[in-house]
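Pasting the structures here.
After this come two complexes, each holding chain A, first together with chain B and then together with chain C.
Up next, the complex of A and B:
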């Protein structure tokens, strides 16, 4: 027991600090990827609902492919292809090659994956808005940007939150996959700590507890946000 | 007459689907495929062909076994949460929360490295008949994937069990069926029908989780592609082919499970 506390202590003889740095990186990536996914999702949902036939078909291809191929394969493909492509473009345009940081690459790759799921969530949520509200806003002569900001986004939020909450939890867990391409986040930090100290069970259980706490705290916060977003609507229990 | 009508119908639907812009998109897509086929290197294919087939077989085998076992485990988990007493419902809920709240990769590594490093310390484990299996990687992969599927599907089954109309169960009880018979004849089949669409989605998700077993040295199709990449120094070709293979499996899975779904009576409240 004393040995476990010593191993997990945050100061150097223990590895707690390493795990916490890993957790910080995980949360950074998850938040960045989720945010990027939201932006892609809103654009994608608008494209799927209001776009022309070509845009709609291209988005269908995007969401279908991303949802049919394992995240691990996509991460490898986009990680190598993405950095390679950017560097080839830069050299072709006469610039120096750049080293893309693992953080940026991780956010971009996971964000691209999240975007596909987010598109579907947003599309469903926009369709769930009573369409009269959007028509009324148009009748008032609102510009599309104003309509998005004042009507569509706030009105779709309560319908989108359950799906988006799931996506956030998936994002936090998908960061673990970046350990396979060697990005230093919680799972890889855990594996390194475990490998050095040979206390595999201790560290993997500790990391499991951290991930679980992250999920439970997220659930609490999401619950608050959901109550706020649904203010003025019938309570969830009645609606279900 | 009927056959002609169907043909006309199919033709009409095809022309509706094959709009001009779609034809252009398909042509562009085919051009990309041909460009990939001609300008990329595929000469490694014959050499790794058999290895890839073995890997593919292993992936499908792991998928089938873990989905079956996971579902068998999910039924009691869902039942315990939907109707069990507190001392059964609480552990089942805790199990589902823990499984759904932690990454599968971590669970896999916990079992493989954690348990795997624990077992050799006990002589009685090393002398038992299970030791030859415990020394390999695949039992840990199968166990982790099974538990994960059970955790996610247990939550689905809870909702499915709770969603079966009360009147059905009351009617069964009024007929004097025993509890076991109610479960077998009324409750489980209806809950299963309700869970089936979600089951399709979960199975596809499970397929997408199988490449994780490659990280604990199980040679599935993903590991084969990694091996090809390491020995031929090609980055894209094996990965692209791998993505294509997974898309094909997903497509077949969705098609077959959709056929099964269509056979089941769907007039349930």
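Up next, the complex of A and C:
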């Protein structure tokens, strides 16, 4: 027991600090990817609902392919092929090759994947808004941008939150997939610690607990956000 | 401009010298194969209350919704405040507003009240009422709030200012929607069957508010099934049948001495 505590201690020779740095990176990636996914999702949903035929077709191809191909494959593909493509473009245009940071690449890759799922969640949520509320906003002279900001986004939020909460939790765990491309996040940190100390059970259990805690804290925050987003809606309990 | 509060006395002189707030000329609207409006003309001068009546599918709601381009007319002229809405054909051959800013500007002068209230569910009543003044018209927030409080008090909802629409009765929601429309100080108010979604015992409270507005000289175009009410408040009644104006005139004539057979039958059936 004393050995376990010593191994997990946040200061060397304990590996707790390493795990926490890994967690920090995981959360950074997850938050960045989720945020990028939201932006892509809003644009994607708008494009699918209101865009012209070309935009709609392109978005259909995007959401279909991303959701059809295993994420690990997409990550490998986008990470290696994507960075290679950027560098080839840069050299072709006469610029220096650049080193793309793992953080940026990870956010971009996972965000691209999240965006496809997010698009569908948002599309469903926008369709669930009573159309009269959108119509009222138009009837009072709101511009499309104002309407999106003041009416559509807040009105669709209650319908989007369950789906988006799922996506956030998936994002936190998908960060583990980035271990295969050598990004130092929680899973890779755990593997390193376990490999060096041979205390596999201890470290992987610890990582499991950390992922669980992350989920529990997330649920707490999501619950608060959901109560706020549903402020105008009578609770189902009262309606029963 | 007609002095407010004296509208009944000026009821008919209004038609001659007041400025024209709404002018609709030879309006057509097709939904694909369906020809809903087949050349309708309509005029509302300042201080007039125009009631549009007609059976289901006669095109009366479509006509109202063409005035602020919630539906784009297929052809014809719509002038609001003397300004003609410019239309153009899009790539599919549909007629659409040529200038989005123009249509937004015109819409912000027309206070629309819907059959299903359409209050914004994520905002309290006071937030609903100040939304357009603050975010579309650029009124200062505290000024808008003071004005909104007066309007809510006027429709009898002062103590409900911080309540969300879902917690209110249909009649209360519709009165709040009328306050929202008044908050933009509209040139014309458009009512699209404002009592059709209400329980019978709630209709009276909403009609009372609308009636008060009519009596103080608000310009209105009102689509309604409430014939008794139309007779009381309207200065001019338009009876639509199958996409055309079948008969129009002062309410005494329309309800008291209708000429067209169809109108006679419509009044018999509905009354």
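FYI, the second predicted complex is superposed on the first by the 235 of 240 C-alpha atoms of A that agree within 3 Å, B and C clash if a C-alpha of one lies under 4 Å from a C-alpha of the other, contacts with A are read in each partner's own complex, and residues count from 1 in each chain.
We adopt the following convention: a residue touches a chain if its C-beta (ideal position, glycine included) is under 8 Å from a C-beta of that chain, and two chains touch if they have at least 3 such contacts.
Because the structure is predicted, anything quoted here is derived from the model rather than measured.
Chemist: Report clash or fit for the pair chain B and chain C bound to chain A in the combined superposed model.
Modeler: Aligned on chain A, chain C fits beside chain B.
Chemist: Of the partners chain B and chain C, which touch A:65 in the superposed model: first, second, both, neither?
Modeler: Only chain B; A:65 stays clear of chain C.
Chemist: Taking the superposition as given, does A:179 touch the first partner, chain B, the second, chain C, both, or neither?
Modeler: first
Chemist: Where does A:116 make contact in the superposed view: on chain B (first), on chain C (second), on both, or on neither?
Modeler: neither
Chemist: For A:126, select first, second, both or neither according to whether it touches chain B, chain C, the two together, or no partner.
Modeler: A:126 contacts neither chain B nor chain C.
Chemist: Of the two partner chains, chain B (first) and chain C (second), which one does A:140 touch, if any: first, second, both, or neither?
Modeler: The answer is second: A:140 touches chain C but not chain B.
Chemist: Going by the touch definition up top, name the partner, chain B or chain C, that contacts more of chain A.
Modeler: It is B that touches the greater number of chain A residues.
Chemist: Which holds for A:33: it touches chain B only (first), chain C only (second), both, or neither?
Modeler: neither
Chemist: Is A:193 in contact with chain B, with chain C, with both, or with neither (first, second, both, neither)?
Modeler: neither
Chemist: With both complexes placed on chain A, how many Å separate the closest C-alpha atoms of chain B and chain C?
Modeler: 14
Chemist: So in the complex, the part of chain A that touches chain C is made up of which residues?
Modeler: Checking each residue of chain A against chain C gives 130, 132-133, 135-143, 146, 150-151, 154-155, 157, 229, 231-234.
Chemist: Quick one: in the complex, what on chain A touches chain B?
Modeler: Of all residues in chain A, those touching chain B are 53-54, 57-58, 65, 67-74, 76-77, 80-81, 84, 169, 173-177, 179-180, 187, 190-191, 194, 198, 200-201, 204-205, 207-208, 211-212, 215-216.
Chemist: Using the touch definition up top, name the residues of chain C that touch chain A in the complex.
Modeler: Its residues touching chain A are 68, 70, 100, 103-108, 110, 112, 114, 116-124, 131-132, 135-136, 164-167, 184.
Chemist: What residues of chain B sit close enough to touch chain A in their complex?
Modeler: Residue list for chain B touching chain A: 19, 21-22, 25, 97-98, 100-107, 109-110, 113-118, 204, 207-212, 215, 222, 235-236, 239-240, 242-243, 246-247, 250-251.
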